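Order as written gives the chain letters A, B, C, D and E; numbering starts at 1 within each chain.
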Amino acid sequence: DEKSRMTEVMKFHKSKVKLDVGGWKYTTSLATLTSVPDSMLGAMFSGRFHLEADESDGSFFVDRDGQLFKYILNFLRDPVSFDAPLDKETTRDLLKEAKYFGLENLVELLQDDCYHFKKDAIYLSFVS
Amino acid sequence: DEKSRMTEVMKFHKSKVKLDVGGWKYTTSLATLTSVPDSMLGAMFSGRFHLEADESDGSFFVDRDGQLFKYILNFLRDPVSFDAPLDKETTRDLLKEAKYFGLENLVELLQDDCYHFKKDAIYLSFVS
Amino acid sequence: DEKSRMTEVMKFHKSKVKLDVGGWKYTTSLATLTSVPDSMLGAMFSGRFHLEADESDGSFFVDRDGQLFKYILNFLRDPVSFDAPLDKETTRDLLKEAKYFGLENLVELLQDDCYHFKKDAIYLSFVS
Amino acid sequence: DEKSRMTEVMKFHKSKVKLDVGGWKYTTSLATLTSVPDSMLGAMFSGRFHLEADESDGSFFVDRDGQLFKYILNFLRDPVSFDAPLDKETTRDLLKEAKYFGLENLVELLQDDCYHFKKDAIYLSFVS
Amino acid sequence: DEKSRMTEVMKFHKSKVKLDVGGWKYTTSLATLTSVPDSMLGAMFSGRFHLEADESDGSFFVDRDGQLFKYILNFLRDPVSFDAPLDKETTRDLLKEAKYFGLENLVELLQDDCYHFKKDAIYLSFVS
């Protein structure tokens, strides 16, 4: 119902985390970042490590591609309904990010998709 | 006439709301956000819940994809003349956002469009 | 000559206006915004209405799509040499913005283009 | 050698100029902006005119399309190795900017490219 | 293991560097910037030169294209798994940046790719 749903939304609000990923600013929740405990972000925000926030805007710094991180965050927000990008280059580059961040399920999902891209390419070379 | 139109525009001005959707900053009006009362944003900004604005810029935080939120907001601004994105991937991903935000009319509109995409794909496999 | 041209450029400088269109920040001149007097922006910035600028950055708020507003502004800067976007979806969505802002000449120009898109589609269905 | 190259880099550093082109923020050097003396930017930053910088961020305002200005700046940074955009619409719209800014060499380069686009279009209508 | 990996991540945190590349803000680490010692960035951030950071945000200024710098940074972060962009124009323009920044390995990689693009073009002219 509405009340329980809003309670969940409010819970997220209490744990807002700002990230600076290669210069791109993201806002997410601690729950999202730690949803895969054995991933790199899961470890980083587990509370076991001391992270220093930026003095000016309170963000935590990650030295990776800022544009692709959008997909990493959307995967963490809702892994069940996540779909791979349709663009070949984005999928190829996201796969490297998924490996870096230690997200095994995302790696598997993307490798499957790469496979389909190759299959499409073969198929297209026949029909054209 | 001009005067009544500008009065409406001014009304919007009085209720400016800043949102931080996954790191993307949006500015809209309370009227736009609450235009679908039984949606998630409608509930969130109904006045029944206490929301805490960001101390630095006064924005309210939503832990979702910031790029796709553009379409959510355009739908809320003018649902009658809203058209689905033509891009397959964007439509697919927007459908998930529409479900999350509880916008039934947008879900229906997009599912119709998905159907047309599939039809197009079948059609193209015949003509190529 | 250079001097008269720079005088014109300087004139624009004196009337810089900042806009916050749905979260996108634009900078333009009062001359550009009021170049079509019977349009919505022409009325809004005519001096007949009291507008409140944002306290933090001095921008004026418009509750519309921030990405498409780029075209609105380019049309107002130089309507004679303005060309419609080549992308079908952008043209379709810009038409709605042109209507909202009451820019009759832009509406006409875009509706012509839509017509050509449809003609292209018919043509393509024959040649493919 | 390294030292002379870094000396050149350092020289640029000393003359950093911030621009606000229609709301897009650019950072460049005075050397880049004045590299074509008889262009509009060359005149504007020649020292013969008094420009007022924005009080909050020190930027100079130009009332033109902010996205296309990227190409103007890249042309000024290195006119010899500059290549026209491959996208038809961008080339078309950049041509207008090149004319506005009085960059004759860029105008010529782009008009050549437009010519090639038309040739391509004619060619494609034959092979399809 | 986790601990050694996080130690590495923490090391990066200590040496955060902000860059302003033509108006685009990037955040990276000193380790990334100096990973190719004989490159221009390697020299610039070697400690042998005095760089002045921007007073307002502490960034270091580079007078080059801000959008393409994303690829330069991703190459420096992980040269082994770097892949060239699939887009022809981006590859063409990135090659110029790679030369400017003195990244020989990136230049070679991109020139190979350009070659493949030309091969594709020739191939397409046969099959169409």
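Note that contacts are C-beta pairs under 8 Å (C-beta built on N, C-alpha and C of every residue); 3 or more make two chains touch, one makes a residue touch a chain.
If you're wondering where the values come from, they're calculated on a predicted model, not measured in any experiment.
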{"item": "Given chain B and chain D, the chains that contact each of them", "value": "C"}
{"item": "Path length in steps (a step moves to a chain that is touched) from chain A to chain D", "value": "2"}
{"item": "Any chain that touches chain C and chain B", "value": "none"}
{"item": "Classification of the chain D:chain E interface as same or different, half of numbers criterion", "value": "different"}
{"item": "Cα-centroid distance, chain C relative to chain E, in whole angstrom", "value": "36"}
{"item": "Whole-Å gap separating chain A and chain E, where each centre is the average of the chain's CA atoms", "value": "22"}
{"item": "Centre-of-Cα separation between chain D and chain C, whole angstrom", "value": "22"}
{"item": "Multi-chain contact sites of chain A, meaning residues that touch two or more partners", "value": "128"}
{"item": "Contact graph of the chains (line, ring, star, complete, other)", "value": "ring"}
{"item": "Chain E contact footprint on chain A (complex, rising order)", "value": "20-23, 40, 43-44, 49, 51-52, 54, 56, 61, 63-67, 88-89, 92-93, 96, 100, 128"}
{"item": "Touching residues on chain C, where the partner in the complex is chain D", "value": "2, 5-6, 9-10, 12-13, 16, 18-19, 24-29, 32, 57, 70, 73-74, 77-78, 81, 83, 85-87, 127"}
